[in-house]
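Structure first, commentary second.
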Amino acid sequence: MIAVLKKDTSEKQLSGLIEWLKMMGLDVHISKGKYQTIVGLIGDTSRVDIELLQSLEIVDTVKRISEPFKSVNRKFHPDDTIVDVSGVKIGGGNFVAIAGPCSVESPEQISEVAASVKASGASLLRGGAFKPRTSPYDFQGLKAEGIEMLREAKKATGLPIVSEIISINYLPLFEDVDLIQVGARNMQNFELLRELGRIKKPILLKRGLANTLKELLMSAEYIMAGGNEQIILCERGIRTFETYTRNTLDLSAVPMLHELTHLPVIIDPSHATGKASLVRPMALAATAAGADGLMIEVHNNPQKALCDGPQSLTPEQFADVMKSVCAIRAVVAG
Amino acid sequence: MIAVLKKDTSEKQLSGLIEWLKMMGLDVHISKGKYQTIVGLIGDTSRVDIELLQSLEIVDTVKRISEPFKSVNRKFHPDDTIVDVSGVKIGGGNFVAIAGPCSVESPEQISEVAASVKASGASLLRGGAFKPRTSPYDFQGLKAEGIEMLREAKKATGLPIVSEIISINYLPLFEDVDLIQVGARNMQNFELLRELGRIKKPILLKRGLANTLKELLMSAEYIMAGGNEQIILCERGIRTFETYTRNTLDLSAVPMLHELTHLPVIIDPSHATGKASLVRPMALAATAAGADGLMIEVHNNPQKALCDGPQSLTPEQFADVMKSVCAIRAVVAG
Amino acid sequence: MIAVLKKDTSEKQLSGLIEWLKMMGLDVHISKGKYQTIVGLIGDTSRVDIELLQSLEIVDTVKRISEPFKSVNRKFHPDDTIVDVSGVKIGGGNFVAIAGPCSVESPEQISEVAASVKASGASLLRGGAFKPRTSPYDFQGLKAEGIEMLREAKKATGLPIVSEIISINYLPLFEDVDLIQVGARNMQNFELLRELGRIKKPILLKRGLANTLKELLMSAEYIMAGGNEQIILCERGIRTFETYTRNTLDLSAVPMLHELTHLPVIIDPSHATGKASLVRPMALAATAAGADGLMIEVHNNPQKALCDGPQSLTPEQFADVMKSVCAIRAVVAG
Amino acid sequence: MIAVLKKDTSEKQLSGLIEWLKMMGLDVHISKGKYQTIVGLIGDTSRVDIELLQSLEIVDTVKRISEPFKSVNRKFHPDDTIVDVSGVKIGGGNFVAIAGPCSVESPEQISEVAASVKASGASLLRGGAFKPRTSPYDFQGLKAEGIEMLREAKKATGLPIVSEIISINYLPLFEDVDLIQVGARNMQNFELLRELGRIKKPILLKRGLANTLKELLMSAEYIMAGGNEQIILCERGIRTFETYTRNTLDLSAVPMLHELTHLPVIIDPSHATGKASLVRPMALAATAAGADGLMIEVHNNPQKALCDGPQSLTPEQFADVMKSVCAIRAVVAG
């Protein structure tokens, strides 16, 4: 971390600052230039509150050189984390396909989709029971009933299940959910993250629509700081000025996150693009970019889906995508 | 609402769609062109799930013509809403200055600041007790203890108090808080909004960092849909590519929101700019733009503030800003 | 195109508008609702000036339903355009690899790179002679001398050459350049586009850093409106809030543009990411997404490159990328 | 400037780097930490090519501490620049109102508008003769004929004139134009900027739609590097996710630029908002924020304007705005 001091800082103020920093266990190096003095802070700066430092009267600007995240940082944990979701491994060379409808709608729908995606090679079943919707008048999910239908589908197919939580108060309902998803709009719901750090279940953390990779990693850090190290990161499209696609899928997040962190990274091409016709090319591209998995919306009758229909694949389309995904995996992992 | 149908839609499919729309109480007008057929939906379309319509096989695109928000819409409620915060009126020509420290730090700090901002013309006292911070290692607020210190300052000065809630589970602690703030990162925490719609206290709803005005209004609609009509909207800067300022204050939101909604609109120049030197010009500009109030960070010792120090004004600077704000109010309201 | 009229539009005003629109050769359909009247314009609306229509007193808002671009629109030209660059075909199933240094630096550098990328499978040689740089103090390219060195490298290897033009006044120098590149910062330099529409050379048009696909297509429309139909579109990363990567590569632009236009689409992973370590995964991802080609920076001594060094591959790295690209092409095109 | 070196940098490589930097006239300070070595560059770093430094094998990242702009930097030129446009002074306490139609349409239109805005207090007349339009099918301006009409209006009213240049090849036509405008889309047309640096006329430089203040200042630096110091900066709205307004007016740019540079800063509320109803509040807000002037679109018959009609004021509305602007100036400048 670098602090640039104001021009008129006195020697006394400078030595006061140095003393304070040393008390926090940091080494300090000083470079005096004509227009400014630069203070280099060396040591574990992840616990330095950058805004507190910035608020000192003599400090002009503060810049981080090293990352503010620690537990999720690959520098301090070089080996890939392998997340285990009820026996399904993700990361460290283990690729996973998660599939299912945006929303659970009925026992028939979820069990039909579950059977078909399993046959095509999916190893986890997704389905939304609590849906965060922009309008209070839109369909909000079947809630507890939806979770129950997912449990039935899991019993029938053996596929572990993934579902989104929108408030820590619903946690008791998620006892049989194998992988708990934190949606994009809750990526910075720090209260929720903190509580999820205290449980023993793997978490699927989605990147917010306008959040940076650093912010995504800081949110994962919240969960790890509580003791839960089973985290999968998910890129699902960010907000840009483009309007033909619903969001812009940032695939460079895959190799970039692999450099920065040891956590597995998966891609959701369905929400990112909002268009069924773009799911196949983006699923293949994500696989070629080295993603540890895919999360794809599949619906047995996309025209009747209660939400997010336009981006769902039919079971046949999904089977077809999976074949090409496997062929690309062979090139990339080979 | 306009639905553009796919080229190959059959007559039978078209009449099926029309029937379905009429069942939902809508009038339908059809325009057939060479390349596409356009279906106009007329009536109360705020309850039409746009994604559901879009998911129909025969539909190419859907565009809203009228706004998806209803209770907050000025079209259906032309008069300004005047929010009453324990006797302090906001909106409909009533201008309010809210001031205080970013975080409550000690009984001395909050009572000193409270007395000074009251003397300069502030009518509400702000102070954070629960701080949503990007890093789990940063100061998170004094919590219940902070709320207690705010109560003491209120007792001493008579100023009603404003503080941020970050989880509905903390609601019991907010019994004596006069105006409950929903922060930018919780603007789309729909579970929280829904619960705040059920209480009888005024809500200060801040715009999210990358959210549109329509999304802000939809979030206000969540609160109003529950029956709570006492809402103040607050613009506090949005994320842009600019880095010299922390965020970009969108002042055109003031007159634009005044056209779209009857709710009062206030401006927070402190968080928006992140720089004390920009607070004064932006406070004056907000007043000139017609804002219904300002929320300004004031600290008796900004260099020692535990968070957000660089953007706080001293009590003297705040007094000075208030004088010019009053002069500008006279020009604008005149 | 849809025009929503103001509530208080009189019958006389409405019939005046209808008459005017019919004079422009358009069919008009009227839908009257309780709160607004909607006028549907049917026919060739690409020549309707949307801002002119919007400026009419009685018009509230105007929305385009069909695209404002025509010559580049796949709807009116369903077959893929195949661009021929001095014998090298691009588009319609023909994949191209363009490689070379960011800047031409010396005859040795460009001829060495040219020979090596040719051996690895590149069919076009790129090299910048005119460099648009943000700072007037940065290296601006070897200009005419750089073009001359490219010509020598072309003579030696037989590879057609690609270079960027930054002002129409330099056109005489580009006589032997086979493919003229318009850079991201000139994507909306309409004067330049118009002039390039009058020449008979293929154009490589890069998407601007903050431009939408529609704007990219409108810029291509400028060139086609002049009579030049040999255009290749290039996505090279857009500006987002992410800072770990220089820009965000929008790979969904590939299949999306393929739906919207008949022009070929290539990807530049070097400028998009700004990091050599991300070029390989993004090149593979672009190929998997169905791109018609890649443009990759290769330098024989990346550490000494005068500009954009950190994103260049060595010839060995490039050869390795090309092998995997071919394997992925086999899966995708198969 | 700070360069962070890679972990495995050898002593020999380090001393090679130090030698090279000293040859460029810089002082160097070294801080060695456990995980990285930091090299501080002290002296005139504005001429250091940051990408060249970054391309060195041993360098991990480079961060600028001081600004890359020099001639426009207030640090090296503390006094306000006062630009003189044929006798009209701007900056250093001199406030200017520039008004006129978006496009020059006819001798009657421009002379009528000129007379009326002069009467209301405008000191410069604007009018577009060359219009950069997104679509090749939209009205592109009256060109030479439009400039001629502006000259006539200048002769009749005595108001100096402002018009936009879109290619350096049109410079001969601008001999009688008093202030040459560079539009937002040409802010990074470096060829144009360089040429405008060689002439002796004042330049009005508009900020690009997605450009930062630093980039705006670097573009001004291009003009100043050529010897032309008469530059006025103009904020005219930036691209954000908001869609109710055409762009988002960044008013914090006014005080922020005043801290960074000695050049005057004016605001264009008409293009920024795209809505006539927002021009008045934003013009007042800009004045309150301390802008050195305003540029406002006025049309004698906004409903018939050939372009940008919806954002134009009538002469009466403009007169009314000017009255309030003066009252606010009195508060701010007082």
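Here the chain labels run A, B, C and D in written order, and each chain numbers its own residues starting at 1.
To be clear about the criterion, contacts are C-beta pairs under 8 Å (C-beta built on N, C-alpha and C of every residue); 3 or more make two chains touch, one makes a residue touch a chain.
Since the model is a prediction, treat every value here as computed from it, not as a measurement.
Considering the contact criterion stated above, the chains in touch with chain A and with chain B alike are C, D.
Distance from the centre of chain B peaks at C, each centre being the average of the chain's Cα atoms.
Chain geometry summary: the mean Cα position of chain A and that of chain D are 39 Å apart. Computed centre separation for the pair chain A/chain C is 31 angstrom, with centres defined by C-alpha atoms. Each chain gets one centre point, the mean of its Cα atoms, and the points for chain C and chain D are 27 Å apart.
In chain A, 210, 239, 241 are the positions where the chain touches two or more neighbouring chains simultaneously. Interface of chain A with chain D (complex): residues 2, 4, 27, 29, 31, 33-36, 38, 40, 42-43, 61, 63, 65-66, 75, 210, 239, 241. The touching residues of chain D, counted against chain B in their complex, run 210-214, 238, 240-245, 248-256, 259-260, 272-273, 275, 277-278, 281-282, 284-290, 324, 327-328, 331-332. Contact residues of chain B toward chain A in the complex are 46-47, 49, 51-52, 54-57, 68, 132-139, 166-169, 185-186, 188-191, 194, 209-210, 215, 218, 221-222, 225, 239, 302-310.
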